[in-house]
Each structure stands twice: as structure tokens, then as C-alpha cells.
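The first chain written gets the first letter, and so on, giving A, B, C and D; residue counts start at 1 in each chain.
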Amino acid sequence: MEEIGVGMLGYAFMGKAHSNAFKKLAYMTWPPPLMPKLVGIAGRDTGAVGEAAERYGYDYATGDWRDLVADERIGLFDNGGPNSLHAEPTIAAAEAGKHVICEKPLGRDAGESYEIWQRVAATGVKHLCAFNYRFVPAVRLARELIEAGELGEIRHFRGRYLQDWADDATLDTWRFHPDEAGSGALGDIGTHVIDLGRFLNGEITSVSGLVKTFIPGRTVDDALEAAVEFENGSVGTIEGTRLALGRRNAFQWEINGSKGSLAFDMERLNELQVFRADGDRARGFKTVLVSETDHPFWEHWWPPGHIIGWGDTFVHELHHMLKAIADDTDVAPYGATFEDGYRASEVGDAILRSGASGERVQISYRG
Amino acid sequence: MEEIGVGMLGYAFMGKAHSNAFKKLAYMTWPPPLMPKLVGIAGRDTGAVGEAAERYGYDYATGDWRDLVADERIGLFDNGGPNSLHAEPTIAAAEAGKHVICEKPLGRDAGESYEIWQRVAATGVKHLCAFNYRFVPAVRLARELIEAGELGEIRHFRGRYLQDWADDATLDTWRFHPDEAGSGALGDIGTHVIDLGRFLNGEITSVSGLVKTFIPGRTVDDALEAAVEFENGSVGTIEGTRLALGRRNAFQWEINGSKGSLAFDMERLNELQVFRADGDRARGFKTVLVSETDHPFWEHWWPPGHIIGWGDTFVHELHHMLKAIADDTDVAPYGATFEDGYRASEVGDAILRSGASGERVQISYRG
Amino acid sequence: MEEIGVGMLGYAFMGKAHSNAFKKLAYMTWPPPLMPKLVGIAGRDTGAVGEAAERYGYDYATGDWRDLVADERIGLFDNGGPNSLHAEPTIAAAEAGKHVICEKPLGRDAGESYEIWQRVAATGVKHLCAFNYRFVPAVRLARELIEAGELGEIRHFRGRYLQDWADDATLDTWRFHPDEAGSGALGDIGTHVIDLGRFLNGEITSVSGLVKTFIPGRTVDDALEAAVEFENGSVGTIEGTRLALGRRNAFQWEINGSKGSLAFDMERLNELQVFRADGDRARGFKTVLVSETDHPFWEHWWPPGHIIGWGDTFVHELHHMLKAIADDTDVAPYGATFEDGYRASEVGDAILRSGASGERVQISYRG
Amino acid sequence: MEEIGVGMLGYAFMGKAHSNAFKKLAYMTWPPPLMPKLVGIAGRDTGAVGEAAERYGYDYATGDWRDLVADERIGLFDNGGPNSLHAEPTIAAAEAGKHVICEKPLGRDAGESYEIWQRVAATGVKHLCAFNYRFVPAVRLARELIEAGELGEIRHFRGRYLQDWADDATLDTWRFHPDEAGSGALGDIGTHVIDLGRFLNGEITSVSGLVKTFIPGRTVDDALEAAVEFENGSVGTIEGTRLALGRRNAFQWEINGSKGSLAFDMERLNELQVFRADGDRARGFKTVLVSETDHPFWEHWWPPGHIIGWGDTFVHELHHMLKAIADDTDVAPYGATFEDGYRASEVGDAILRSGASGERVQISYRG
């Protein structure tokens, strides 16, 4: 089986999630498109990165990501570092001929995201922006139902990502530092809403909204609220907050079309709510437990009803990337490319500008 | 028991709902503050209004609402007619010394609503704008919990009223005629969201949003989307659509504060979701079946767990109005006054203006 | 409109529920089959019964139910008294030529129930045993779907009625006195499960089970548990308890057939869960909000999605009885007759016998 | 890090589930108590077992489980084969000094289960019967809440395991062959209900019930229904069926005590419903998303709200076994020992005997 060497930047939350996925896909998606070989892992805390190498089975740990870029054995560079470390290493790895994965948000703002995209695209490597929620089986099923025309003409998308972990004024993390994170809830979770809005419902053309910081002393946004228009004529809302007490990971969205509706909540990520206006006297939303043999990604898993977890979405995502590399096929449209990463940033910036100016912002995308 | 004569304008949806409530409160809220006596009912279709009089037990039917205004036996005028018939009869009844109830939206726009409020307030009669959802037990309980400080400082209100009955291009009703209705989903259901937003979370200070019409040939809005700011510093969204297929009467809202959260769906109107950040290891939202002996309005009903219906919210509302009349107490803050009706219209108009101009509208209230 | 005089025995929980329903059906089920005229109400506490007469509008109150039986104006005798007062007044009323309604359980045991049934049937009057849950729209819809063959061959019925109000050793009510109640949870709520089991799935042929008392000093059962067989070959369970803390009125049942399944919970009585094995890729239970214009009983109510309450089931039930009287049609099969009341008692007694003997009891029904 | 060699019998459903868990615990439960080294895997289909060895990384594959027993490098023998292959290999492995894991049901009947237990216990090795649902975080949390007295005195346990995959008369698997499986739904899923009943609520003392076969030509039971008594005085039901259409893996249970209640559904295995009778005006069941840092097993996973999957329960289970081996601690009470496996079989046999005789069976446990 052909191998591909993996170099990982970051060992904490995303480093763990991606490392687990590389290891797990090696046997759960049997046979994998390419057998990932974990070559090197980089991070600032050399003690921690050394332990991560041992834990996940990387051949070596390093305090300098340039070692990964320089390593000939590495064919895939996976960037799970903080946002401020997205641009330089990712571009360098691509320019060294490595395929690249970068966590979202791609850059700290649209300009940086555009730069990453353009520089990487110019190299010809495969690039994936790790919007992993595209790889939730229920989300993919939603996309397939929409593509098949089951919803008819879409009229509404309303998405909100509600978390509550940031309700602690004493908490410190790079996610609260504008220079490292770019923005707050907007880049962290708002971009997920924007990306799934685009994935399921197409391009966003305008936003009217605002961001808000509640916690004293915090310099990034805690929440965002926007009314949006899509290219297909539908309208809706995009919201995100890290201060919705009681909501841990409630990325909820609903789509209404002229023939039916879909609804979803990430806290019950194995379920999709499906309504069809088919004249059935028994009228209502179906709670579909997305775990059937003919459901997306399910060939890799268990008998129906035996649900998967959040971490397993990365298995699907990285499998998709390996397949694109192995078969030289496009990452898009089911995976998010760096262009998708850039476009999500453009929408995010538009929300910021709308908040500052009080005006609805018509979005124009570069490139 | 002291009686009060009731004159009803309208015999269809709201006429039925209010007539039922007057009849039912007479024994369910025993003893009622005043015993309603159904005196006269007015409507344009004399056949239908005649049947309504027989059906609900009004002494007489009339094709001219002025007969009700002129009737000395009538002490309470209840206006459940189309929006274009709100202003003149309501003002006339008040100026004839009758207490008045008027369905929402109070007027077809903020100007008309203001006029109704001012003219009626000048007479000194009691006035109630029939935002009946204030009288859902779960909604009142939410208000009581908030007043008691259980949510702490509020950070978010997100409300959406989703229906789907208007997805029929052949359908005709006064609700689709701008001259009779004023606006579409905005005045019909958007005002409910605005009113409960205000009821639960205080004054709305700005809106950024838009309205949208999807059905060809229709001249009122099918949907509205807005990002909003409240006087207390919280932010959120207000949405309404009559084209969310599969949602029949899904008026859903959620409030997040610094100590807890609440959530609600009108399709399960007997339930309130309650989250408290109290450090309990068993952390999560409680599904409270609002039917306990110490819950709002429940002294009138059944043993706990024996749920009430949508129509019963009017029993509470009209009981509240009769009590205000009997005891000469304020309709506010638990009931909506005409000032509340006006303020909801002001917010609605601001959404329209924001949609037209593309700008965030800072709302200033008259009076 | 033709009238029928009503005499009511009982003014408390069931007296209130039935009186409300008679008053409400007079205009909500317009035109009613017969216009109920509330003539007299009887009860032991003359102060309370006098107030009830005033409250609900009965012409008179009496401490002696025999006054009702003797009253020529009364054509329908409705017995909402304690179980020990079911037999004698009901039989006397029927023998006086009045149609009769009797609350469940019909008698305190199968023998008494049989006696009531036989004596009343011999008179030729209409008789209805007030298993009101047959008149929940979702339950009737379930019956219609089953009759239409949508579930195929039924394999399972599992029903449980869970309440928690009896968890109080200091509480006293006739429901805890064997001489007045007959049994405890068994007769009170277990009979509801038995009746809906029979209504939806046909005759019960055997039971293996037990009853149990937990509260010290109590002499009626707090709970019942049984494994059951039905005549159609299906098997399942029947349970009831008044000690399931947190469950207020959770009468939950599920039916599984060879083509589909249904599930229900009385705490959400407006909803029916419907599963069909139709090969749809979107596979799952539908949450049907039973409130469409083509749904059972819904012609009397509101636009879809505007839910009804527990008390409204009695409106449907009494309307059904009035229609049977007016049209001289059978109360069965959609209403429960006294034969149904007897059969439910027979099953209940079988559970008691099985509990005492430890043996599965094959049930034989008397004639 | 100290290693332990693993020999696996079986490569299909359970072989995959256990192999995945051994691989995943090696880094997710960092550091693992012992580092599992996958030495050999055995199965009847040599082609398939060879591929499994390659897929999961076993050093070798074999068609004869005796090779595993004879392999000195193997310290832990994991039996995921069909029920008829539980006894001989498991006993042989234990007698060869290897620690043993055996899938449920331990034996095909209580006699065989007893034999396995006794023979293995005599060797002094660690033994675990793979009732993996004890290792669902919500189930363990339930156990901890009960142990802490939060439910008070338990009154009811009602458990049902509903699946629907067996609704296909053409389907063939060893699970339908009495000689290989022992029983049908009873041994397959009924034992899970029995085990969690015992785990959460203690010993079962009597059963009254039956089993039933619906599919023509099938010679094992499709369903079981039983009323049960527990040693602590509580009563309830145990049910299982592989013919509940629409239910894929719905292992649902509810426990009611004198201070509170708990409820659970395996299709939403990350959630526990918790009710406490604490006098709170906001009264109801909490939906606890069991994913907090202080929740069972959660130190191994993700930030709160990022749910795990069914397969991850095996990670916890095998980690528990490795820890018992490494530290020479007891597998009980949180893990199921072979004595637990035997006792579950004893209850299962009692249901069969009750079904055959029609009598309630008082259970006496051997040893």
C-alpha cells in the first residue's frame, strides 16, 4: 500500500483530533487511499510536543516547523496551529511541494486568507481548509438531498453556533489575542456557520450585522449576529456566540425550501431532521439517524444505529484529502479548499465592516 | 357577580378565539373578576356574523361595528377584525367610554399605531393589545425567572416565528393585501417576536435587517430577518417567515444570560427549557412541563401534567383584562398596552426601513 | 336545535372536566349533535356542589344523585363520582331511561363492571365508559393508520402510564381506599393502558405480572407490571405507576408492526411519532403535529399547529356520545362502551390474580 | 511502557470493535495502563482473517484459535467469536494463564456460562464479560448518581432494547442458529438489558415473562417480554426485540427512585435524562450532555459537547481491563466479570422457563 508521510504542526486540540484521525482512518476506511505515516510533529513547547510524538507515534518532534517543511519524507503538511501560524508555514510547505491542510479560519482576515490561497494555489498542491463539519454524515446527506432537488428552491438558511466555554474572564488562550486569533467567536465558530451556509446553500452576497464583546477586558468578539442574503435569493441569519450558557457545541442550522426543510444540531450530530411537503397525512419532520449502509461515510463504520462521535468527522475529512491526493481529484466541492477558506473570511470581514459602519455590506469575492 | 357587556368585532379566527375565551373564563377562572356578557358581534358578512352570534351566544349580530360603539350595555370592545379595521372602531369605542382590546398589530404601521395609542390613552379607558403569547404559562414563567435575576445579565435574545401556511400562490386573504394588512409576515408574526423580545428582554434600540417576498405576485413580505440590539446591551436576531415548510406554529426563542438560559417553542407551548449555571455535575437544560400548582395561571386548570392548548392563552389574557378593569389596575407590565402595540410597530417599521436603506436603524420611540 | 338535559354526578376533577366539555362543545363543535343543557349536579359536599352548579351553570345542585335519576328533564346521566358510586347510580339512571356515561374504571372489579354493563345494556340506552384518551387526535389517527393497514401485522404493544403525584405518605383521597377505589394505580391509570392496548391492538389474551405497594400504610397498589399477549399474536408490556418521579402524566405507548411503528406520549398529546419501512433513504420517525385539517377532530379547532389541551379530549368524547344519541348510532368502536369498560376490568383483575398466584393468566371474557 | 500481547478470536463486528479500541486506547487514554500489542488474530475464514490481520496490524492470522492459546507472547485473550465458540477457547486461554475477555452472552445458557465462569475463575486470571454498555459515560454517571444516593430508594427499573435488523426472513447469520447462538434476541440484546438492570439496580429475584418468534422458519426468539422483581424491592420490566421497526439501536431504560429518576436511550448515548425531586419550581428532567471534564471517562476525550461514538465505549472497557491487569485490581464492580456474565444468563434462562411454564420464576444463583 502506498504511503504518504505526514507532518503535523500543533499538538493540542486540533493536533490530537487530526492525529487520531490519521491513525484511525488507516484501518477504519480500509483500504485507505494512502497509508498515512506519521513522520514529524512540531510545536512551541518542546516537552509537550515530544510527548505528543510518543503518544501518537510520530517519528520525531521538533520545536521548529521548518524542520517539517524541509523533510523530504513528508508529503502532506497538516497545520493545526494557532491562526497566526497558518500563513507562513502553510505557504512554505506548499512551496516545498507538500500537499497542505490548514485549520480554519484560513487566515486571520480576508487579506491574509487570500494571500494563503493564492500562494498555495500557485504551487499546484492539493489544499484543504479543515472545515470538518462538511464531513458530518448528516451534513453530507443534507447536501446530497439538496443537490437532488428534494428541497426545491431554497428560501432560508438560518445557522447559529452556540457555545459557552468563554464565559470566564480569567481564562486566557491564544483565541482571545487578536494578533494570534484575528477575531473571536467570528473566526472560531462563525466561520463554521458561514462555511456550511455556503456548502449547503451557495454564495453569500450581503450581510447586515454586528459583533459584540461582553467580557470585560477581552479584545476579541464574543458574539456575532447577522442577517444575510444568498446568491440564490434566499435570506436568513448567521449567528455565533461563545456565551450561550448551557450550549456546549450547539451548531444548529435549518434550511427551508419550496419542497421541504432540513434541520440539524451538532450536539446530536448523528441526526438529521427532514421534512418533505409530499402531501402525506402523517406530516412532520423525520428524525433520521444517519447511520444506514447507504448514508454518507457509513461504509466505514458499524451496523445502523451505532452512532459515531465528533472526532470521527476528521476521519472522513482526512480520508477525503488522501483520496484527492492519491487519485489526483479535486478537493472541492465536498471538501473545503483554500478558496473556500478565503471566501469564509471575506464574509466574516464583511460582518465586521457592517458592524462598524452600520451598513449592509455587499460582498465581492476576489479571484 | 358584576357583569361586563362585551362587543366583538370579527367572527373568524380571532373572533372565535376571543369568544371561546370569554365563555371559558367565566367558569375556569372561578370566580372571574367580572362576568362577561356577550352582547353583540359585528362583521361584514351578515350571514356569517349572524351564525357566529348564535354559535357563541351574543345577543345580536350586526353588519356595522358602530352599533356596538353605540350600545350602552357594552363596556368592553374587543377588536378582532382585519388590521385596516383596527384604528377607527377602536378609537371610536374608547371615545365612547368603552375599555378596548385590539388584536396585533395595533396599526398597519407605526404612525397609525401611535395614533391609536394616543387617541385611546387620552380617553382613560383600559387598553390591551392582544399579544396573547405573553399569557402562555411558560412565557410568563420565563419572565418571572428573569425578573428574579435567575439569568443574570442577559446577553442574547434570538427569536424566530416560523409558519408555512402562506406557501400557496393561489391563496387569497386580507393578510396579503397591503392596504388591509399593512405588512405581511412582519406585522402578522414578526410583531409577536418583537413583543416577546421586549417583554422578556426590554427595549430594542437598533435593527439591521431586511424583508423578502418569494411568492410571485404577492405584495406583502413573506419573511423578515434582522440583527438587533437591546437597551440592556444584549444582541440577537429576530426572524419571521410564513414559508418555513414543516413549521406550523413554531414561535421559538432562546435567551442567554450570565447565569443561565431559557428556550421555548410554541409548538410545545407547555414546556420551558431552563438551564442554570449552578455548578451541578448533572449539567443541562431542564424540560419544565409548566403545569405545576405554583406555575403561572395554573390555579385555573388541571392537575400537573395535564396540558393546556393554544386557545387557553386567550383565557388568561382576557381574564387579565377583566381584572384590570374590575380592580382598576394597570394592564402593564404583564399585559401589552397600546403603547406596547405602538412600540412593536416602531420596531417593525425600522426593519422595513433598514431593508430599504441597507442601514442599521437606531430606533427612537415617540411619546 | 334539539336539546338534551344533562345530570352530572361529581363536581371535582372529572366533574370539572366533563362540565367544561359540555359547555365548550356547544359552540366549538358547531352545530353540536344535540345542545347540552346542564340541568342538575349532585355531590356529597352540598356547599361545594352548590358552588359547582353556579360555576358551570347547572340549574340546581343536590346532595342526592337520586334527584337526578328522578328528573324527567335529564336525558343523559354522567357519572364522574368515585368508583364506589359507579354501579348503583349508573344502573338506576339507565333503568330510568337515561343515556349514561361512566368514568373509568367502570366498576371496582370485573364482577362489578360486568354487572353494570349487563344491567345497563338490558335497558337499551346508550352507554359510554369515559376512556377519554381514545379521543386524543393523535390516538385516533393512530387507530386510523392501523385500520388502514399502514403498520402491517402488529408485533408489539408496550404501554406505560407514569405519574408521580402519589409519592406522599400523608396524602389522603378516595383513590387510596380499597372500598371506594377498588384498586390503586391499576384501576386508575392501568385501565387506560389496557383500554388503549385493546383500542389499538385488539383483545388481550394473557397476562403475567404483579402489582406492588411502596408507600407504608397504603392499602392499594402503587404500581403494576405485566407481560401480555394479544389475540393477534403480538406481545408486549403494560405498566402503570403513580411513583415515577418527574413523570406527571406520561402515558406513553409504542406499537411495532411489520410495516411500521407508532409512538406517543400524553405529555405531548398533540404529537404522534410515525415510522414507515418504505425504503426511504431518509429513514426515521416523523414527529407528526396532529393538527391538520384532515386529522381527527380537527374540524372543530384552529389552524394547523395551534395545539389543543388535555381538557379538549373530553369535548371530542362527549360530542361522540351526543352524536350516538342523536343519530342512534353505536358508541363503539371509537368510543368505549360499558362492555369495553368490563373487558378492561377483566384484564386488570387478571393482573391481580397473576400477581397473587405467580401464574400467567389466560383471560376469558364473559358474554 | 509495559506491553501486553493481545490475541483476538473473531474479526467481524466485535473483532473490528475491539481491535479499534485496542489501537485507539493506546493514545487516547494516554498513558495507557499497558500498551496493547496486537499479536495474533484467529477466525474460520482464513482469507478474511488474513486481511483483518493486515488491516488492524496483528502480527499474524490463523485459522485455529489454539495457536493463540499456545502463543507465549499473548497475555490477553479476547474472544469476540460466535457464542458457540465462547466456552472452549476462553477456558483454554485462561488455563494457559492468559487474562480473558469474552463477548456476551458468556455462554449459550446458564449452565454453560456457569461452567466458563467456574473454570476460568479457578485459574486466577482476570476475566471480563464484554457488557460494553457499562462503559457508556452516561451509564457510568447514572451508576455514580445512584451510588451517591441521589435517587433515594429505587422503585422501578424498566429497560427495553429495540432493534429492527432481524425483520428479514431471508437473512441468515449464526445469530439465528440455536446451536451457535443459544437464544435469539434474549441472548443478543436481552442480556444487555439484564446486565444494566443489575449494574444500576442490583440483583433480579424473579421474572414472569415469555419469548416469541415471529419470522416464519426462525428457530430462535425474536422478542422477549418480562415483568421483574429486584432484590431491593423495586419492580419493572425487561424487554428486547429485533423487530421494532424504526428503532436501530434503541436500548432505552428508566429508573425511578424516591428522590429522582434517570432515563437513557442508546441512540443518544451521550445524553442522560436526570430528574430530581428537589422542590425547584423549574421542575423537570435535565438533558445532560455527558461530556464534562468531571464526567466519567471524559479525561480521555474532547472539550465538553464534542460527543463520542458507540465504538468509543470499547475504548473505556478495554482500558478498564488493562488497568485491572496492570494494577492487579478487581474488574468488578464497574466492569462485568464472568460471574456477571453467568448471572445474566441465569436471568435469561429464567425468562425462557417462565415463558414455557407460565409461572413466575424465582431465581437462585449458583456459586
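What we mean here is this: contacts are C-beta pairs under 8 Å (C-beta built on N, C-alpha and C of every residue); 3 or more make two chains touch, one makes a residue touch a chain.
Bear in mind that the values here come from a model prediction, so they are computed numbers and not experimental data.
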| item | value |
| --- | --- |
| Pair of chains joined by more contacts [C-beta pairs], B-D or B-C | B-C |
| Of all other chains, the one whose Cα centre sits farthest from subunit D | B |
| Euclidean distance of C-alpha centroids - subunit B vs subunit C, Å | 35 |
| Rounded Å distance, subunit A centre to subunit B centre (Cα mean) | 41 |
| Gap in Å, rounded to a whole number, between the CA centres of subunit D and subunit B | 54 |
| Two or more partner chains touched - positions in subunit A | 247, 283-285, 289 |
| Residue numbers on subunit B that touch subunit C, as the complex places them | 13, 17, 19-20, 23-24, 27-28, 30-31, 55-57, 163, 165, 247-250, 267-270, 289, 291, 301-312 |
| List of subunit B residues in touch with subunit D within their complex | 141, 145, 272, 274, 276, 281-289, 292, 294-295 |
| Touch list for subunit C against partner subunit D, complex | 155-156, 158, 160, 162, 164, 167, 208-210, 212, 214, 222-223, 225-229, 233, 235-237, 239, 241, 243-247, 254, 256-261, 275, 277, 283-285, 354, 358-360 |
